[in-house]
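Below, subunit A partners subunit B and then partners subunit C, in two separate complexes.
Up next, the complex of A and B:
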């Protein structure tokens, strides 16, 4: 019999068994998503800014007719929807990590995260509804404010 | 050409001496456990070859015997005397007073994020609990070989940097994520997991990655590089953490 403990002998339970429940790939996927969505968002946002502010007549062209004309095309619908969803998830996840890092009390953390998720749901649902149910030619509006295809 | 010393201001072999002001954080809880930390100032006669640890020794031995701090080897190997010196985590035994601008008071505090027991002594248990969780020992399967477990120089080189850790907690207690609630595993635990994950002889890598894939694991690292700057052994801590992250991602996808 040796005095040295057998390394395969049963060990005392972990000091923090709760950690077993917080394992999993959630944080991994979150981390990867932040990087991937960041790269895509750079393209989407600068493309959006260029098309709206620089291309053609530039910033002066923006009015109801301009936006309505863009959202009549499925390409810009998908572009803006992607931008909305990616930016909102990216931003919400970022603020979530900041709350995790800075809020020390459990109640503060819960309240802040609750407000955050509420804001996320409101903005995403509202934005998605607007993009899909948008009417570019509301009846009874003066024709000079509407996109050109409304009068054709 | 022979180098000619131009009228030396001091004799050869003579070491400059100066008086330095040490501002030390003192803390002694009463039996109810409450106490207010306070700053004590000490004037210490020092030499150019003295380290912060020598100044603390002089205070303890000649001025105030109640000053409490940890030290063992006093030569930067045991990792006992990590403390916050002039706002940065360093080993008191590896920091020369003359490198710290002795004309101004030198502040010495306990490392942050761990409960202070007395003066500069902190409770290291949360730190070692995280260290134990990553299983810092060789895990193998099958029968024990009758000779050494061989490894090439390149395989040894892969994790050479992280074998240097002396568990002084300078990195973990410099990490702002660890400061918030102390639940994060901390750089030191991840460095020591890295030492085994990338060891070709070890077979517990998947288990350790699983443990560090925790909500409080490597994904809480914000790459602020505080740990790399604090490490008295010069370990590239943040790089090691990133390598563990990469290993997890290649495993998951």
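Up next, the complex of A and C:
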């Protein structure tokens, strides 16, 4: 008769602390996402700033026609969509961390994070809709405000 | 028994982190990230005006071209440039085997790149904002 417990015997359930453990690995994925999206965002945002603020006449040249000209190309649509989503998730997760660090009362933390997630949904949905439903040549608008390809 | 001469609360000299470059870069990363996030919210809203009418968009974006906003944009770009380079430094600290050993040197590299980038950006941007051509 063996003194060693049968390895197939079910283990007694471990007593685990009910509160302090995180469920799953979401915080780890968040940590990885901040770094991965960060690298991509450096490229996307530096490109965005260069094209909009440095090249040509910089901020002076930005108007409806400028935006319409950019979004006429799927390249800039995808660029801006990716930038919108990555920056919003990256920024929301960053502010979530800050709220968790400094808002000590449970209710304060819940309210602030509720507002944060609401802002996230509104801005991401709105921005995505704008990129995909944008009309570069709205009828009835004066031609001098529109990109040149509207009148061709 | 004579009390020892009142010594001011000793600074935590010799702690690895507190009050040093590591802490201040962490503070700056938070502050810049927080500010950039709120600009991003506003920026998506103002850009969304293209969906209302060309006039509405041009009116609001016109305010971005006045000198005060121009300086604000310079500050925003400075915040983004620091956050970007320091973020890459954080990634190197986390994933590069020698990263933690060189974290302080890398902060000075970040500051150097920041100065170079802003030296390239600022004159051109301020020229756009304050005219000159």
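Criterion: the second predicted complex is superposed on the first by the 131 of 152 C-alpha atoms of A that agree within 3 Å, B and C clash if a C-alpha of one lies under 4 Å from a C-alpha of the other, contacts with A are read in each partner's own complex, and residues count from 1 in each chain.
Definition applied: a residue touches a chain if its C-beta (ideal position, glycine included) is under 8 Å from a C-beta of that chain, and two chains touch if they have at least 3 such contacts.
Since the structure is predicted, the reported quantities are computational estimates derived from the model, not experimental observations.
K.L.:
Is A:38 touching the first partner subunit B, the second partner subunit C, both, or neither of them?
P.N.:
second
K.L.:
Tell me which of subunit B and subunit C touches more residues of subunit A.
P.N.:
Of the two chains, more subunit A residues are contacted by C.
K.L.:
Just checking: does A:91 make contact with subunit B only, subunit C only, both, or neither of them? Give me first, second, both or neither.
P.N.:
second
K.L.:
Classify the contacts of A:104 with the two partner chains as first (subunit B alone), second (subunit C alone), both, or neither.
P.N.:
first
K.L.:
Contact-wise, after the overlay, does A:26 reach subunit B, subunit C, both or neither (first, second, both, neither)?
P.N.:
A:26 sits against subunit B, while subunit C stays out of touch.
K.L.:
Just subunit B (first), just subunit C (second), both, or neither: which does A:74 touch?
P.N.:
neither
K.L.:
Within their complex, state which residues of subunit A touch subunit B.
P.N.:
Interface residues on subunit A, with respect to subunit B: 7, 14-16, 19, 22-28, 30-32, 100-102, 104.
K.L.:
Which stretch or stretches of subunit C touch subunit A in the complex?
P.N.:
30, 33-34, 36-37, 40-41, 44-45, 47-48, 50-51, 53-55, 57-58, 61, 64-65, 70, 73, 77, 80, 84, 87-88, 90-91, 94-95, 121, 124-125, 127-129
K.L.:
Using the touch definition up top, name the residues of subunit B that touch subunit A in the complex.
P.N.:
Going by the criterion above, the answer is residues 129, 132-133, 137, 176-177, 180-181, 210-211, 213-217, 219-220, 222, 245, 248-249, 252.
K.L.:
Any idea which subunit A residues touch subunit C in the complex?
P.N.:
35, 38-39, 41-42, 45-46, 49, 53-54, 57-60, 62-65, 67-68, 84, 87-88, 91-92, 94-95, 98, 119, 123, 126-127, 129-130, 133-134, 138, 141-142, 145-146
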